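Worksheet: the structure to be examined is printed underneath.
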Amino acid sequence: MSETLRVAVIGAGRMGADHIQRLSKRIHGADVAAVVDVDLGRAQAAIEGVPGAVALADAEEALNNGDVNAVLIATPGFLHEDILLKALGKDIPILCEKPLTPDAESAWKIVEAEVALGHKRIQVGFMRRFDAEYATLGSIIRNQELGELLMLHHQHRNPGTPPGFTNEMLINDSVVHEFDAIRFFTGEEITSVQVRLGKATRNAPTGQHDPQHVLIETESGVLADVEIYVNAKFGYEVATQASFEDGIVSIGGDRGAYIRSNGHWGGNVTAGFEERFGAAYDVEIQSWVDAALKGEIGGPSAWDGYATAACCEAGVEAQKNGEKVAVKLNAKPGLYE
Amino acid sequence: MSETLRVAVIGAGRMGADHIQRLSKRIHGADVAAVVDVDLGRAQAAIEGVPGAVALADAEEALNNGDVNAVLIATPGFLHEDILLKALGKDIPILCEKPLTPDAESAWKIVEAEVALGHKRIQVGFMRRFDAEYATLGSIIRNQELGELLMLHHQHRNPGTPPGFTNEMLINDSVVHEFDAIRFFTGEEITSVQVRLGKATRNAPTGQHDPQHVLIETESGVLADVEIYVNAKFGYEVATQASFEDGIVSIGGDRGAYIRSNGHWGGNVTAGFEERFGAAYDVEIQSWVDAALKGEIGGPSAWDGYATAACCEAGVEAQKNGEKVAVKLNAKPGLYE
Amino acid sequence: MSETLRVAVIGAGRMGADHIQRLSKRIHGADVAAVVDVDLGRAQAAIEGVPGAVALADAEEALNNGDVNAVLIATPGFLHEDILLKALGKDIPILCEKPLTPDAESAWKIVEAEVALGHKRIQVGFMRRFDAEYATLGSIIRNQELGELLMLHHQHRNPGTPPGFTNEMLINDSVVHEFDAIRFFTGEEITSVQVRLGKATRNAPTGQHDPQHVLIETESGVLADVEIYVNAKFGYEVATQASFEDGIVSIGGDRGAYIRSNGHWGGNVTAGFEERFGAAYDVEIQSWVDAALKGEIGGPSAWDGYATAACCEAGVEAQKNGEKVAVKLNAKPGLYE
Amino acid sequence: MSETLRVAVIGAGRMGADHIQRLSKRIHGADVAAVVDVDLGRAQAAIEGVPGAVALADAEEALNNGDVNAVLIATPGFLHEDILLKALGKDIPILCEKPLTPDAESAWKIVEAEVALGHKRIQVGFMRRFDAEYATLGSIIRNQELGELLMLHHQHRNPGTPPGFTNEMLINDSVVHEFDAIRFFTGEEITSVQVRLGKATRNAPTGQHDPQHVLIETESGVLADVEIYVNAKFGYEVATQASFEDGIVSIGGDRGAYIRSNGHWGGNVTAGFEERFGAAYDVEIQSWVDAALKGEIGGPSAWDGYATAACCEAGVEAQKNGEKVAVKLNAKPGLYE
């Protein structure tokens, strides 16, 4: 493979624009070759100050561009399936923002297409796996430093939600991260999901029941739960507490300068996910670039995208019926072992 | 009432002995008049260095002793009912260690007897209500300083369990504290209890499934849960995190000297409940003594004892059937409003 | 000695009134027999709700009262010498608020009078020795758990100062606590004191140069320093960080509920010394009462009062001349070994 | 200027090798063109896996290489002067690891040469200025968010020292960072330095007196001090506490996963400066690359290098004589205003 990834970024919205900066300013070994957005003006704005990049309105045109040898997909999830299949057809490295696709059926199609191709090309954007604290906790679990992992308690809190954020998106866009994190920590698939709805905040937009309490079980019986609270106002927090046979580990506390004034001690709460996970995004993209230059992938696979899509499907059903809903998974293709 | 409480302490075991020291050495306005234990030798040992106290083997004899004008019950719970009824018959101040009685039916008999007496004489030993951090969180909730309370997440962890600690005692002896705390924080009764059993630690004695995840709802829909983990080895922890509309409050973190050496930072974990709640016990007993000298009670009432007994009954049933079990309560007598 | 201390409290100001509450409501084994204040009305107000206590305007009258068998001195420091000598003449237990006296010469007279009496009767009110965190750090030092102690860094911060608080009182009333703490931690006498004056806050009253940086050495060469800052506004803090050969220990961080709201995390700063050291005062007084009932003292002695008075004298001189000032001590009488 | 910096790295030791990785793997806009080391084998080892780089034994040869358009100097400090003067002669961007040179006289020669050149080419490697927490504290000071800055207390602790680390290097290699940080925070020059030597650890190599307490004053009278302790064993710590008129700010606490097990709570201490400041190094180098591509510098200047060299000279003299030593500075050339 060539020495430098020439990346087509599909989607020039918030995440896409962020990744364009990263690839063109901070990531060694990659450049932005093309930016695609159905809003061509947005694509053109995104390539300002990015030498050598072209703005396009059509993803297929970008994939056919001879200067492009990799693709990063940052469109809304419902557009992923088509682009993924076309990019797999080109057999080039693909970094696809989560979710792989919005439902298990379409995610499974992607898995089948990649299995047919015969080697892994898709990496899914579960960037928490690249966060230093997640890595530390994952290592404590895998090495059984504190005996067996027994329980996982997750808190996922956002200050507020953007317009159009629906009740199902609490599962599909937010808890999907914990679905992957639990799978990453335990190395097991999730077997059931249940959702408790209780007292709701006055600060949620119509249609959202917020917070929700999501109950999760894994293959070996690890009990996990997620307090998802997306209009929590105070700030951003993604924290986990793991109970082991021989100890307790917590990650995700606040950081930085500690100030005492006017009868109060403390600091500033993390404002959002960019502040919390900005460095992890850099590590994620660099990891993908480094692996892609060797013809490999460097993180979560299409299988991970498919399995979390199945969790989300169960989660949304559990949101509605209040029952424990089993997660249904096809047999895992050998490509992903 | 006289200027000084002359207290008969019933039960000279771990808690009884602790209360004898407290009443005779640290609490102003009270003295120990009698110590009762079926093991008379243990009662005699307990009064060494306690001037003016007598050792007895029979609780009724103590209640009939003219020098006694108050009673503190620290026997195992199954012995409480008989002593409580006799002490109510004497119409003297009673401090009864939790649980009031081990089941809702017998607890209700105590409530009926006190209602018949016409004034409150029984205070139940839910001493967390006297802990400074519990008081702070309770005040934030009551004053709605951060808007409505939405969720409560509790962690209750012990390093290990004494011989004879059964699976039901995880609910009846441990979670009973959270049942009362949730009632204290919310000012509401608990309406249902559910128990999740997952992966269990190798460190639990035969017969105990540890940890357990207890799911609780209150009248207004506040979702609470308790991670009860009684063979957690690392130390003792009782912590709560409350989610509000406008913020998050945590209590129960570790304290004291902060040490850095040998590549590690941190401190010593609280060793047990005496270390964590010793000062709260002092405040509790002092509060009872002060109120008793005025003919009142200064803390949790027999109604609180009864209501938590009903929660425990639902909890033990939920432990067995894995379902959500409704908590059944009789109508609240006017005496307790 | 009798079973109960009948205490004359001399001085019914802020500290005196606080001790009257403690002795009459919370301390087992002691009662208030008399309250003395030159302002008789203040003494009379102080004994309201204190059964069996008399209000007096003259300390000598209290000491001659047959109902009095102990004395607690809480007047301003310049009045201590006369009362101490008279109380020593009665040979009764004495708890004297710090400073013992305001200067080394008068403090030495007290030491000589007690040595002539032949047994220790005076305990000085350095109540930090009874604080749990101070006790922990003291124990780590004495047991050499982290090797030799090398340096001590102290922060002493008050939100503001009462009217009449002079520049010398930064040393005599505030740093005097660190003088005793350093002596307590190291078990050594202080050999020199130096004071650095730099940029001053606009929030200090005229005449005070605030903050000041006090440099201290002990017999074995331990370097200590104190950041004294008495108009620090944000709250109250008394913290120490000790550097050892094998680690670092910090005490005095903030406590209690941890709140996150509105983009900020943290808690409430301790408001003042009563909040920080209230429990230590209780332990101190109880320790004195328990020892006094056996004819002993239970804490800092007149020697400790004298030695810190000598430190203060050196400190005030160092404030003025900017030089390192040696601390001069008489030979230690055998009574205090 | 060309689109990419082609950097000659002079010195392939610990820091040089680290910067080679950074420039060739993580920094966008720069590549390593040459690596110079008197030990040619070390230079050759350092360019393995660095495409397009040559290994050389002579710095002048690298500067004359047509492929080189920038230089990063990472040799021991005593070699800096000669290379700096030659690189200034080439008028190319220079990043020079601290110290600029080891003494004020030679540092002043560099300043004079750059002034003669007429524009700033030298950036000095004070990378703390690029650390997020330092930036936060600096911003609080500059914006006077908490009123005037009054005092700065610094702790600088290393687990141990490499072979050959002399007593003077506690000042010249370690405290030099605080000299620059104090200048950066206050925007003022340092006017005097004093050093206290007290009890020393058994863990220091012969010739080092460790710890030392360094007392510093700035132009406006801010009192700063540094506890320098380079054989502290427990780990690495660089912390600062700033006292303002209206509050206190602390930076530099430990981070990461919080673990409770076996009666202890806490986490892992930072192991060394790479772990603590690795991200700051990346930001520093990227800042230098970005500015260099525009013909500017992006951080501390040769003046900063000279002024801290003067502080170090005063500090080493103060180490020896125990007195307060004035810092002597030439007038600041207009180039650096």
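So that you can tell them apart, the chains are marked A, B, C and D in the order they are listed, and the count of residues begins at 1 in each.
We take it that a contact is a pair of C-beta atoms (placed from the backbone, for glycine too) under 8 Å apart; a residue touches a chain by one contact, two chains touch by 3 or more.
All values derive from a computational prediction rather than experimental measurement.
Chains that touch both chain A and chain D are the following: B, C. Comparing the chain pairs B-C and A-C, the larger number of C-beta pairs in contact belongs to B-C. With centres defined as mean CA coordinates, chain B is found 44 Å away from chain A. Mean C-alpha positions place chain B and chain C at a centre distance of 38 Å. Taking each chain's centre as the mean of its C-alpha atoms, chain A lies 58 Å from chain C. For chain B, residues that reach two or more other chains under the stated contact definition are 233-234, 237, 246-248, 259-262.
Chain A contributes residues 159, 233-235, 237, 254, 259-269, 271 to its touches with chain C in the complex. Put simply, chain B touches chain C in their complex at residues 3, 24-29, 51, 132-133, 136-137, 140, 146, 244, 246-251, 253, 255-262, 279, 286.
By the touch criterion stated above, chain C contacts chain D in their complex at residues 147-151, 153, 155, 157, 196, 198-203, 211, 213, 215, 217, 220-223, 225, 227, 229, 232-234, 237, 241, 243, 245-248.
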